[in-house]
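Here chain A shows up in two complexes: once beside chain B, once beside chain C.
Right, the complex of A and B next:
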């Protein structure tokens, strides 16, 4: 076995090099004691016992879900927001691998990794809601439900997760030094990206399509036959803004790994901001047409209508204008701020559709239990820790010197 | 039955078409503003 510098080493040394970053276990353990890791450990100490209770005692012990409100925070936040915010992988993957925007190549790997981990943890979040995780393969191989939107979503998420894994594999194989496997998966990248775009288009919109079944339950301002289109377009926005947010965070935290200079990085951020601004404007137009289609103008004066206006004007149109100003003034910092604002807006939209505007007229309103928050925070924490573990080891933010770039 | 302009607009989806055309114009203007190059401050 060899290191990155080509030295011959034993298996133990190889493990030490790969897993403990070349340090002894003691040194590595000492380096792990940081404020962030201590907070993460505390979160896990609360979240893991709750997860145990959920899988042994059921939903009633850990959630406020009822027959009227069978879908709560784990679907509304973990699944709907998770899938939308993980769309950066397919958005940037198609920009770089299909449309030839090679200048974005330095940020495509972190975007693909975010997408892959995002979907992976969506499945984990879904398992919390569904229970009995060993039955996950049932819709694939045992009991087909071809008339259900959930059948489509289940299959698509499974297939898309595989596509994202293929797109992530070059970095994994470069880290392991498996040159032949790396060459093979690089050949699959374009195919996987095309397949991924098809799958994403369908399942992002299908998640909105799920709520078409709940015409009487969803508030008329949020319910529209255009829901699948809204979900798809907003997911594209979420993907782009999440890439801006995630890349600015990684550039701060892992600055020692990055070869891209700040000017070039700011230019990429502004380019993404421009694309996000255009898509936000398109999304705003569609939202207005959605209200016109149902002729629900009179509902805008009601309390729910004002909440709708806050979502559309405050978290779609306002960040859109800020992005336009920041792009024109070439202020990358403001683009990042507007991106975070947009991400919050997207989360608000999914929470509105799945919880606040759902069963809005029932006296029995759903409010998540603290344990539901704890599980969601635990899943996000594990996701962040996994992202950091991979970025610290694999060539995600830097080019491996032994390999040619994929494009 | 179509009694008012509002009924007519609903029946023909005219409201949506008008809004769509309006936003088409807005979007073109928006695109122009977004892509307008920043004026150089150097003299």
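Right, the complex of A and C next:
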């Protein structure tokens, strides 16, 4: 066994080096006691028992789902928002590896990691929601519902998760020091990226496509035949703005690991902001076309219509203008602020489609149970902890001195 | 077991390779006008007396708990119910707009659509539209995503949310096995004391319904609900009171639900073939551009060095 610096060591030392960041177990444990970790532990103390109840007593014990409202928060937030916000991996991956925008290379690895973990935890969230989660592989190996948009989603999310894993592997193997494997997976990167773009295009839009069958249940302002396109374009926006948000956060929290200087980093943020602003503008136009296509102008005056306007003007157009202004003025801070605003807008959109505008005309409305919130928060917490665990160990934010960059 | 069309297409589509997923999806979406000679039920709402014997019989033949509260208890009509995990069918009461006439009772159950939304939604093909007309469900493959509940325009399928181990989707089967294997009538049809329910070939039922309407134009509204709704259903209704006043959704249109996703699904093979070409092109182009930039950079360096 060897360390990064190449000395020969024993297995225990290797373990210490990899898992405890070179500290002894005691030292490591002491360092773990931070306010963030205490809060995280508390969350887990609530979430894990709820998970236990969910899998031993069923969905009725832990959710407010009904026959009229079969999809609640776990689909609306954990899956729909999770997938859209994890789009950063494919957006940035294709920008850097396919379009050759090398300047973004320093932030591509954290974006790919966020994407990979994002999808991974989406699948975990899905397992909570499925009636029989152990049958997750059925659509792949047992019975094929080829007329179903959901079939597409299932296949593509599974394949995409594998692609993202391949893209993440170089960092993993550099950490483990497996040079041959690393070389092999680096050779796969371009292929995985191209395949990943295809799969992303399809399943991001397919998530919107799922609601095409909710024809008379979804409010007409949200229901349009363009739903798949809406979901795809807004996911690209979600991906970019999430990268802005996530990179600014990692730059603050893990600043000691980062070699990129602030000026350069701000430049990247502004560049991403510009792309996000353009896509947001396009998305806004699409939304308008959606209303025009169904000729639903008269509905804008109704309470649901005002809610729709709030989403489209307050959380698409407004952050778009702010982004345009901030990019012109080269104000990276404001770009970050607008990015968070956009992310909230995206979550609002998915919540609207899946819960608020869905069954809007039924008296039987769905409101999540507190345990549903608790599970969602627990999953996010575990996701953040995993992210931090990996970033603290693997070459995600810094470049490993022993290896050439992939491109 | 006979292979239904959907299962058959499922198998051909099951080649499994990622690239095939898209194209087989599009194939299965070809228009299907339904099996000839399939059965259905006609409910004549002018006859139903609201005795709920059908609910009782349904529970009995399907091993469901007996209806709560019992048929004698009329308080059940105070609210409008829907089908749930314990009941495949429910009878609701609606006031008659003509106060001199008795209220109208409406039996609700799966409509057994010609092109069912639930079946087109299911990612494991748990539903089949059988040649006999019934839409049946196979719990042994169901993963419990409940997309079928989302898709059904009539709010019919229900889910056993309270079961942790083997939750199932629950809905009327039009007594498929009873009819096919035992040659009997569906439980509800058999028990109905006033023949408000008629079981028969769908084409015959349409003829029968039309005859009743033509013979008694004052008694019936001139509409057979289910003849064309969402592309036609096996279970159909005729009534004396306008359907909109009896909780029927009149906005569903006549487009079969699988149509709504067909356009999207058929774009999938297109993306699968065009995207790889396009993005590989982009990649090669950007790599070449970088190489040229590098060469130029190098040569200008050399020149600088020379001078």
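Just so we're on the same page, the second predicted complex is superposed on the first by the 405 of 407 C-alpha atoms of A that agree within 3 Å, B and C clash if a C-alpha of one lies under 4 Å from a C-alpha of the other, contacts with A are read in each partner's own complex, and residues count from 1 in each chain.
Here is the rule we use: a residue touches a chain if its C-beta (ideal position, glycine included) is under 8 Å from a C-beta of that chain, and two chains touch if they have at least 3 such contacts.
Keep in mind the model is a prediction, meaning the values are calculated, not measured.
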| item | value |
| --- | --- |
| Contacts of A:194 with chain B and chain C, given as first, second, both or neither | second |
| In the superposition, chain B vs chain C on chain A residues touched | C |
| First, second, both or neither for A:155, with chain B first and chain C second | second |
| Contacts of A:282 with chain B and chain C, given as first, second, both or neither | first |
| A:99 touches, of chain B and chain C: first, second, both or neither? | second |
| First, second, both or neither for A:214, with chain B first and chain C second | second |
| First, second, both or neither for A:145, with chain B first and chain C second | second |
| Contacts of A:292 with chain B and chain C, given as first, second, both or neither | first |
| Which superposed partner A:385 touches (first chain B, second chain C, both, neither) | neither |
| Common interface positions of chain A, toward chain B and toward chain C | none |
| Touch list for chain C against partner chain A, complex | 6, 9-11, 13-14, 16, 18, 21-22, 24-25, 27-29, 82-85, 117, 119-126, 141-147, 149-151, 153, 155, 157-164, 166-167, 249, 251-252, 257-258, 260-261, 263-265, 268, 271-272, 275-276, 279-280, 282-283, 286-287, 289-290 |
| Chain B residues touching chain A - in the complex, by the definition given at the top | 10, 13, 15-16, 19-20, 23, 26-27, 30-31, 33-34, 36, 38 |
| Chain B-touching residues of chain A, taken from the complex the two chains share | 274, 277-278, 281-282, 285, 288-289, 292-293, 295, 324, 327-330 |
| Contact set on chain A toward chain C in their complex | 55-61, 63, 65-68, 70-71, 94, 97-100, 102, 129-133, 135-136, 138-140, 142-156, 159, 190, 194-195, 197-198, 201-202, 205-206, 209-210, 212-217, 225, 228 |
